[in-house]
Every structure is written in structure tokens, then in C-alpha cells.
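Each of the two complexes below includes chain A, the first together with chain B, the second together with chain C.
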Partner chain A sequence: MHLKKLMTTAALAALAIGAAAAAQAADKLTVGFVQIGAESGWRAAETKVSKQEADKRGIDLKISDAQQKQENEIKAIRSFIAQGVDAIFLAPVVATGWDPVLKEAKDAKIPVFLLDRNIETQDKSLYLTAVTSDAVLEGRTAGQWLAKQTNGKCNIVELQGTVGASVALDRQKGFVEGIAGHPDLKIIRTQSGDFTRAGGKQVMESFLKAENGGKNICAVYAHNDDMEIGAIQAIKEAGLKPGKDILTISIDGVPDIFKAMSEGEANASVELTPNMAGPAFDALIAYKKSGTAPPKWVQTETKLYLPDTATAEYTRRKDLY
Partner chain B sequence: MNQRFLPLIATIIVFVVGYLFCALQFNHFATLRVVMNLLTDNAFIGIIAVGMTFVILSGGIDLSVGSIIAFTTVVLAVLIGSWHVNPWVAFAMVLVLGGAFGAGMGAIIHFFQLPPFIVTLSGMFLVRGLAFVISTESIPINHPLFAQLNDIVVVVPGGSHLTLIAMVMLVVLGIGTVLAHLTRFGTNVFALGGNRVSAQLMGVPIARTTISIYALSSLLAALSGIVFSLYTAAGYALAGTGVELDTIAAVVIGGTLLSGGAGHMLGSFLGVMIEGLIQTYISFDGTLSSWWTKIAIGVLLFMFIGLQRLLTVVWAAKASAPSRPASGKAAPADAAGPRPQRA
Partner chain C sequence: MTMIRTLRSFHGATQVAVLLAVLLANWLVFPGFFAIRLQDGRLFGSLIDVLNRGSPVALLTLGMTLVIATGGIDLSVGAVMAIAGAVAATLTRDGQGLPVVLAVSLAAGLACGLWNGLLVAVLRIQPIVATLILMVAGRGIAQLITEGQIVTFVNPQLSALGSGEFLTVPMPVVIALGMLVLSLLLTRATALGMLIESVGINRVASAFAGINTGAVIVAVYVWCGLCSAVAGVIVAADIRGADANNAGLWLEMDAILAVVVGGTSLLGGRFGLAPAIVGAFIIQGMNTGILLSGFKPEFNLIVKATVIMIVLLVQSPAWRTFSLPSLPSLQRKHPGRTVP
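And now, the complex of A and B:
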């Protein structure tokens, strides 16, 4: 049949073109990034920053958005293996169930970098390295700043993240470490605000009522910026000045906290950088060049931001989120 | 060529043209590895698509399959991980459970004369809810058998391999094709979907057929759950959300009439492959939003529903027209395609 002949010819042509193209592109690194989705502002910022960091280094970055589904992430990993990419970046949506597909990547000799979250596996050789932040260090940085700012004397209230979340536990642990050795720095009240603005506001309102209208509170530490923004609202409604009457310190570095800082309503934020890909790219380039494997855990930079740079940081960030 | 095969031919053309289009754009696309990936990654959808084809051929719908996948994975994880049940026994248990659940839904649909949409919708909520009650967390399955089963592969050229779950899917597809097109049960399903009343008058056992259809669909959904648990080596109550709709779309793209009575098992398989192809294209491209998958599937669905409607109208017009001799099968003049030419 005509049709059959045509198809065979076309298929052969496709193969020939494919082979020719494969021979051409050799020196430019190609990385496949399996991203969870765009469920939060931070996640979207991470995707955007990854693209920018790839452009900076002349790396061809292919991004696959898994719409929060593990099966989509597994499919994407397989198609990246089929494409023969030089490395796969994976932000795993859940911690379990990666062994079979990562084994395929290993068999194909494609290094896997975990971004932002870790996985549960008995075979650590399935991935080259995990690039994540150090949540304990974030908490410690916040605690140390507050100790310095108040000369070691302050009644603190704490807004915790979701109960049992590893990030919340680590940020609490780090903060306690940061204020250790200052007997007059005391956490007088602590409760979960569930990482949300509404939760932060509600819990702060009850704290203010319980502590003599807020007169006993010298600072509020929140496990994320969103809860802090809620708390700032509650402080204002109670007739106090956030940032002056009650100091604020929180973690994440989202645009709105920089806005609050530039308006004098917040004092400091420890950034959880959305740039997880940058350090991973650097590790990949070093690995390809000299064959040296990076450490199993690459920590991203933990940086404290203060009101003096807030306006500039806000303009830099508002388009990312 | 029987004109009933027209939708199936359209599906084959879409798949072949789609694959060629992808292969022309990307290197490494026209490789065995991509084909093997398509089979492995879509094995769990392919298996439920076989069951769904029977359901839709009979004029019904089954919305519970995605939830059954999730439930099966969670039950397996708990049985094997916490209760230390032998995995083979656990597999048998979930299959029996799945089949019984489907038979129950089929019985309710038949004896209470309820629309399958509502019955299977409640089944979907019920089963998904149960899965969450058991565990909201993703539970890893670390049994050595899972690793062993995942290691069973047929190596194909090009450094790739045909996995066990892909083989399971192909076997299910083979059995499903025989069952649908070569057995009395299959004929009954087609008759039921074509016209329920005349099927009854012809002596088709309506009750038995309906119950069997939904039992089969749920049984295959449980099998798909086993495959899914092998695929991710974990049990998770959120697994397989929306899979029922992807499967229904695949069956319709595969040329099965949504109102029942006409279609082909092979088409459903190709429908699944077309969906997988679109996803693969988007990963290969690497810059497109993955939500284009849904848009592309939506457009394809519209095209195929349009085609079906058109064909139905044409068939109806032909049927009511004064009868012409020969329905085409025997008449050589009807084979209108170009004759093979010698070069």
C-alpha cells in the first residue's frame, strides 16, 4: 500500500535526522528538572530561579511540572532518561517509592540531584546529592539575631508551624539553640499557627490577650513569614506598633515580609532561598569536569535580611513570586 | 473494510502521525526505550482501560477505578508492611476484594435500576475515603519480593527493557481482546450497549452480564493497584486521582462509542498510548506547561466525539435508506482505496 510505504520512509527519515542531531549537540549540558508543581509562591519562584541559573551557566534546562502527582514525576524521570540528559534534578513530592525508577537512572549512568526535599531509601547511591536548606541553622540564626538585638533580655512568644512537620521541629530546635546561654531570653508562650496567615493572626491575638494586652511580650518568633504577617496584623489591631513595641523575627524571605520591613513593621527575616538549582548546577559541572562527587548533603546558604536592604530586596523578588 | 472500524483507524492514524511528529522533532524519540517507557509508565492505565472498555461498550461508566487503585496500594502496604502477610496472599486478597466490590456495584446498578454514574460515583468516594482512613501518609513497601518482581525484565536492544508490569498489561490486553471480540460474553456486552431492550428480547442474561462487567472492571482496577504499588513501591491514599477520567478519555479516543455498542479493545490501548505520547512530548520539550497535556487530550476528545456523532448520523441515514444490495463485505468494488502499485 501507498500509505505503508510512505510511513516507512518517514520513519526512516526521522531516525536519520535523529541520529544527525544527536551527533551535533555534544558539549552543552542538558539537565532535566522534575518539579513538583506550582502549588506555592515559593515553588514557582524556585522554578523561575532555576531557569535563570541555567541560563547563566549556559545549561539547557528542561522542566517537567508533575501537577503534584508522583506517577507524573516517575514518567518524567523516565522520559529524561530516554532523552539521555546529563543529569536529572528531582524535587520529590513524597519521600517514598523512588527506588525502581532511580535504579534505571543509575543503570543509564545519569546522576540524580534531589532538590529541596529528601527521599527515604535504603540505597543512598541512587542519588548523587541532596541540595536542601538547613532548617536548624535557620532557627539558630533567628535566635542569635534576637539575642544580640535585645542584649539577651526578652520575653518571646513563638508561632510554630504545622505540628509534627519536620521543618517546624527543626526551626524550633535551632531557635532554642540560638538563644541558649541567655537566661533572660525566655519563650513564654508557644503554639501552632499552621504556617498560615490566618493561623498566625489568631494565635497572636490570644497571646496578646493572655499577656496583659501585649505589654509583657518583647518579641514574636514565627516559623514562617506568612504567620508573622498575620501576627503583625494582630499587633496593629491591639493598638501596638509591630517592629517597635514588639520585635518580629521569622523565616522564609517572601516578598511581603520585605514590604513589611521597608514599612518598619517587621525587623528581620531569615531567607529560605529558592535557589536550590544553582548549587546543584555547580556540583554537576564539577562532577562532569573532574569526576569528584559532591558531599551527600549540600546545604544552601542561610542569610539574615534586615530592614536596611528591604526595599531593594522587595523589588528584586516581587517578580519571582 | 468494515466501516465500523473507521474510528479505530482514525485512532491508529493519530497515534502513528503523532509518533512521527515527535520523532521528527526530538532525537532519541524514535528509540525502543521510549516505546518501552510508554508501556511501563502507562501499564496501570492500560489495565483499567481494558475493564473500562467493557463498561463503556455496555453503555455504562465506572468512576471508582482510580480510588480502587489508591485503596489497593494502601491495603497492600499495610498488609505486607505492618501485618507481615505474604505478598502473594495479599495480592489475592485485594483481587478478591476488588472483584466483590465491583460485583456489588453491578448488582446495585441492575437490581435497583440506578444510573451507573451515581453508583460508581458513590463507590469512588467510599473507597477513597476508606483509603484515607487507613493512612493519610505514603507508606513505603520494602518487601524483597517487590524488588525481585521489578527486576523481572526482558532486555531489548538499546539498553532498555520490557518490565514485568508492562508484560502484565499486554497479557491483560490480549485476554481482554479475546473476551470482547471472540466470546459469548463479549457479544452480550456489545448487545447490551447497542440496545438493552432488544438484547433482553434476544435472551441476553442482563443481570449476569451487568454484574460481570463491573466485577471485571473493579478486579482489573485492583490488579492495576498491584501494578501501581510495584511501580512506586509504596501505598498512598492520594494515588491515582483523576485516573478514571483519563481512562474514560482514552477509551473514547480509542474509538469506543460513549453510548455503548461499538468499539474495539485495541483502540482503548492506543488511546492510552496517545495520552502517554502527549505527556512524553511535553517532557521532551521541557519548556511547555504540563497542563497542555490536558488541553491536548480535551481537543482530541472533542474531535473523536465529533467523528463518532458524524458516523452515527451517516450510519443511521444509510440504514433508513432503501436497501442496496450487498453490505460491502463481499463486493470488491467497495474497497475504494488505491490499489497497490508496482514501482
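And now, the complex of A and C:
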């Protein structure tokens, strides 16, 4: 009974692979995208944008949702190798343990593009390129904006991401670099809000009380927009005006921060673009056409958004997230 | 009976003393800790923060205490919070009024509790395993409801449950207090409390004595589900959105800790609701204190663990025998197993 079922499944799978191979015989590029899952709004947006970018370029994009499990991602890579796709996009859920399966892809001569996150490996030839953002640059951009905005004089409170997370460390490092050289720009308090709204709100409530009801605070820098949104609520409940009495600067560019900016309650956000696939597609097309390998690290654009474009950006994004 | 009562009130005194010590430590690191003023008709100050932020865990603690008193445990409270919050936010976003939103999200909590209760009472699955199912699956259910996004809403009535006030007291505190009174009435003004303790001490003997033990067990898990749902709605109302990934995350551990700090034994039996609530505020007192102190975030968990260790050491039977030889009532080896 079980054997029979197994054989039917195998036969069906073989058929599917055959069909895929036939489809791919046409001129169209086929890309297999091994996506982590849909654990956050940003991730869901990345998947949507990837589809749009593929359609723009006439690329056939097959997406596999790994539900945050590495074993599912490895299975999906193997299945894409079997289907003989032109390239594999991988958003690795963890940094280690990829060598064996990426070697299989290399042996099958399928280039692998890492999206959004990097991996740890001795053998850099296992992937063609990594398309990720530069979290240090994001932090630095935020710091430089604040330095300019306040003429180098401001008491800053910082809402950190999860303690020890690499993004949090990088965004902190970049921000410190961004405000360096301005002795009157001081980070007077820093605590972790765990990247969540509730965390940001609770930490900000305490900061407001500890700093003379918020009168000592000139700006709040949050490692992500969600914490900033929580902080904005805390500032309002303390009877102050976010965006005026206390400036806000955060990172990610999620729709709700644009809404806050359009309502005058937030001042700036540095975008972490969900469009990681676009640059990867371009690199793939160039690679297929002329054989030129892209650099090992393709950095996505880091862009600062201000209230002037907030309403338009909010309308543009609200359906993506 | 009177003796037991006195004992019970004395038992709570330990927790109150620890809470006062924690608050005092907060005052030492931040002199303005006890300062309270009115802000937009609402009490405003660090002490109020402790009460306000501690309320969700206090609510979880109410249900958890009763569950633990039956010798069980409920690991799913955080996930149930996420589900209730997700239901409330999604319905509100879709334009439902407050009564419908509250009814459905609290019903979701009741259903979750019923599921746990049936697994434990009827199928006789060990509570830690039975509730682990919902702990894992529940967050998935919440993510399905919100489609993996943070669902935000604009509804002043619902937001008022999280960040509004009643007679200047923050709403979450009022709700937690109301639920405490309700829980006390249900368990202490009726025989239910005694039945719960009896089941927790010996389920078989209780059944022979004519207690419908299954019904008692289902009832405590349902109550726990309801308390978790109330906490979930409050948290969602506070941030005006449901964050299925993070709402209530790891709060089951804080709730269990609060129960234990409150002096209720994990073996089941005698329980104290009020001391457990105080336990919840001890934990939040530490959290707020750490935020005010300006310690580096890397030290948060170490500070917390050290204080908890001291509290539990002071409560341990060995420590009591050693330090309080003149108080015989405190030397009982298994305080949780005493029948009133």
C-alpha cells in the first residue's frame, strides 16, 4: 500500500520534472527562489516584489516557502537542481550548513544567488554573489541625518534590536560612526526593545520618566520602525509631540512609519528595500549574456525617506506589505 | 480554619516584602521612581508603569495559578494571547464593533482553554505535553489569522482598553484587578477553590470522594484560556495592532515564574492568587528598574536571574529551617500538600 503510494508519487514527480524541463526549453529564464517564509511583513513584501521584478523581465520565477526551516530550504534547492533551473535564489534562514547542497548546485552548474542574508563558508565559489543591504551604512545614514538636522547638538536615546542580533550590532555601529565628530551629539540611554512595538513602547516609557519627563531627550533612534512606532505612542501618552518635541529616526521603511511621517509624528526612516531580487535578476541576465560574474557582494540601495514623500510612499507600499 | 487563614496572609507577606525591596532598589537607582503626576487625566509615573506593564502577566498568572493548583501547567498562554489579539485586531480592521470583537476574541480564548482542558482531563495527556501542542500551533494559528503581518487598526474604544484609564487608573490595571476579584470570588466564595486544591493533591482520592475531577480540571484550563485572551486583547489594544510573532512571546515563562514566586507549589494543592499577582509585579518591577537604571541591555537577564534566585532561595524549605527556627508553621516540608 505504502509502496504503491510512493511509486505513484515518484511517477508524478518525474512527470512534473519532465514538464518543467520542457517549459524551460524555451528561451525564458527560469529561476527557483528558496524563500525563508512569511515571518514578517517585510518578508512577505520581498516575495511580492520578487514576483513583480520577475514579471518585468519576463523571467519565470518559482517560489518555494520553507516555513523557516533549513531542511525545507535544502530540499527545495535539491528539487530546483533536479528541475534544471537557470539559477537558484536563496534567502538562507541560518548562516551555516550550506556547503554540501551548494556543492551539488555547483556540480550541476547552476549559479546560486544569496538574497538578504549571507552564509558562512570557507568556499566562496559555492555562490555567485550575495545581494544584501549594508546595515552599517543604514545606521550611518540615520546618524548623519540626525547630526545635520540638529546642527550636531542633541541628546539621543537608542532603542536597540534583539541583543546580539547581527543587524542590531551593525545598525548601532553605523549610527555611532554617523554621529562621530559631533561631541554634543550624545547617546544618553540605550536599551533593547527586541525589534517589537510593545518592546519599543515599554522602553520609551521608562526613558521618558528617567529623563525628566522627556524634556532631556531631543531624539529617539530605533533600530527598526516597529519599535519607533511603539515609542511614538509612548511619547504621545507622556503629553509630548513626537516629531516636534522629540525627533524620530528609524530604519526599515515599513508602511506604518510613512503613515506616521505623513501625520507629522515621525521625521525620517532609512529604507531596507524589499527589492533584493531585482539586482539579482540583473546580475543573472548579465552573467548569462556575457559571462561576467558580478562582485561577491552586491549592496542594495540605502535610501533615506522624509515626510515630504511620505503620503505617496505609504500609498505605494501599503498593498505590498 | 482561622489558623490557615492567618498562615495564608502571612505567606503573602513574603512576596509583598520582596516587592517592596525591589521597588526600593528601583528608587535607589532612580530617585524619581515614586513620583506620580496626572497626564491627560491619567496617572503617570514609573510606579504606574510597573502596574500597567505588569498587568498582562498578572492576568496570565491568575489562570496559571489555578491550573498549577490542580497539578497541571499551561504552556500555551502566550500563544493564546497572540490568537486573541490577532482575532481582535483583524475583526476591528474589518469594521466590527467593540462588542462583537470582544465576544469573538474572548470566545477564542475559551475555546483554546477548552481544548487544553479536554486533552488533560479526558484524554489524560500530561499537561506539559498537552499544552505544548497549542503553544507551538497557537502562534501558527495567530499568524494565519493575521497573514503574517502586523494588523493595525484605528478604534478609540478598543485602544482605550490598552491605553485608556478609569478614574485616572490605567485600564489594564483596572481590568487585572477586576479579574483578580472575580477569580477570588469564584474560588474562595464557593467551594471551587477547595475542590481545585483537592484535585491537585490527589485526583483519585478526590474522585472517590465524589468530586467530578474532570469538570474541575476543564474549568481551570478554560479560565486560564479566558485570562490569556483578556491579556492578549489588552496588549493588542495598547499598541493598536496585533503582532502574531511577538505578542505574549515567552510570557508563559514569566507567568509560571510569578506563580512560583507567589509561593504556589508546582506539585499542586494549596494556591494563593494574590501572592501570585504580587509575584507578577515583582517581575515587572525588576524589568522597569533595569530600564530606568541605565544598565547595558546585555545585563538584563543576569540581573533578573540573580534577583529571582535570591527570592526562590529565601522561599526554599531548607533556607527557612535554617533561618527561621522560631516559626514552626514555615517549616513544613511540602507546603503545597496541606489540605485546609
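To be clear about the criterion, the second predicted complex is superposed on the first by the 297 of 321 C-alpha atoms of A that agree within 3 Å, B and C clash if a C-alpha of one lies under 4 Å from a C-alpha of the other, contacts with A are read in each partner's own complex, and residues count from 1 in each chain.
FYI, a residue touches a chain if its C-beta (ideal position, glycine included) is under 8 Å from a C-beta of that chain, and two chains touch if they have at least 3 such contacts.
If you're wondering where the values come from, they're calculated on a predicted model, not measured in any experiment.
Peer 1: Is A:D226 touching the first partner chain B, the second partner chain C, both, or neither of them?
Peer 2: second
Peer 1: Applying the document's definition of touch, where does A:Q191 land relative to chain B and chain C: first, second, both, or neither?
Peer 2: second
Peer 1: Look at A:A286 in the shared chain and tell me whether it touches chain B only, chain C only, both, or neither; answer first, second, both or neither.
Peer 2: A:A286: touches no partner chain.
Peer 1: Examine A:A312 and indicate which partner it touches, taking first as chain B and second as chain C; both and neither are also allowed.
Peer 2: neither
Peer 1: Is the number of chain A residues in contact higher for chain B or for chain C?
Peer 2: B
Peer 1: Tell me which partner A:E120 touches in the superposition: chain B (first), chain C (second), both or neither.
Peer 2: A:E120 contacts chain B only, not chain C.
Peer 1: Spell out the part of chain A that touches chain C in their complex, as residue ranges.
Peer 2: Touching chain C from chain A are residues 37-41, 43-44, 160, 163, 189-192, 194-199, 201-203, 205-207, 209-210, 226, 229-230, 233, 237-239, 256, 321.
Peer 1: What part of chain B is in contact with chain A in the complex they form?
Peer 2: 16, 20, 23-24, 26-31, 33-34, 37, 40-41, 44, 138-140, 142, 147, 150, 159-160, 228, 230-234, 236, 239-241, 276, 279-280, 282-287, 289-291, 337-338, 340-341
Peer 1: Can you name the residues of chain C that touch chain A in the complex?
Peer 2: Checking each residue of chain C against chain A gives 30, 32, 39-40, 42, 44-46, 49, 53, 143, 147-150, 152, 163, 235, 238-241, 243, 245-247, 287-288, 291-292, 294, 296-298, 300.
Peer 1: Within the complex, which stretch of chain A touches chain B?
Peer 2: 1-2, 7, 10-11, 13-15, 17-19, 21-22, 32, 61-67, 69-72, 74-76, 78-84, 94-97, 99-100, 107-108, 120, 122
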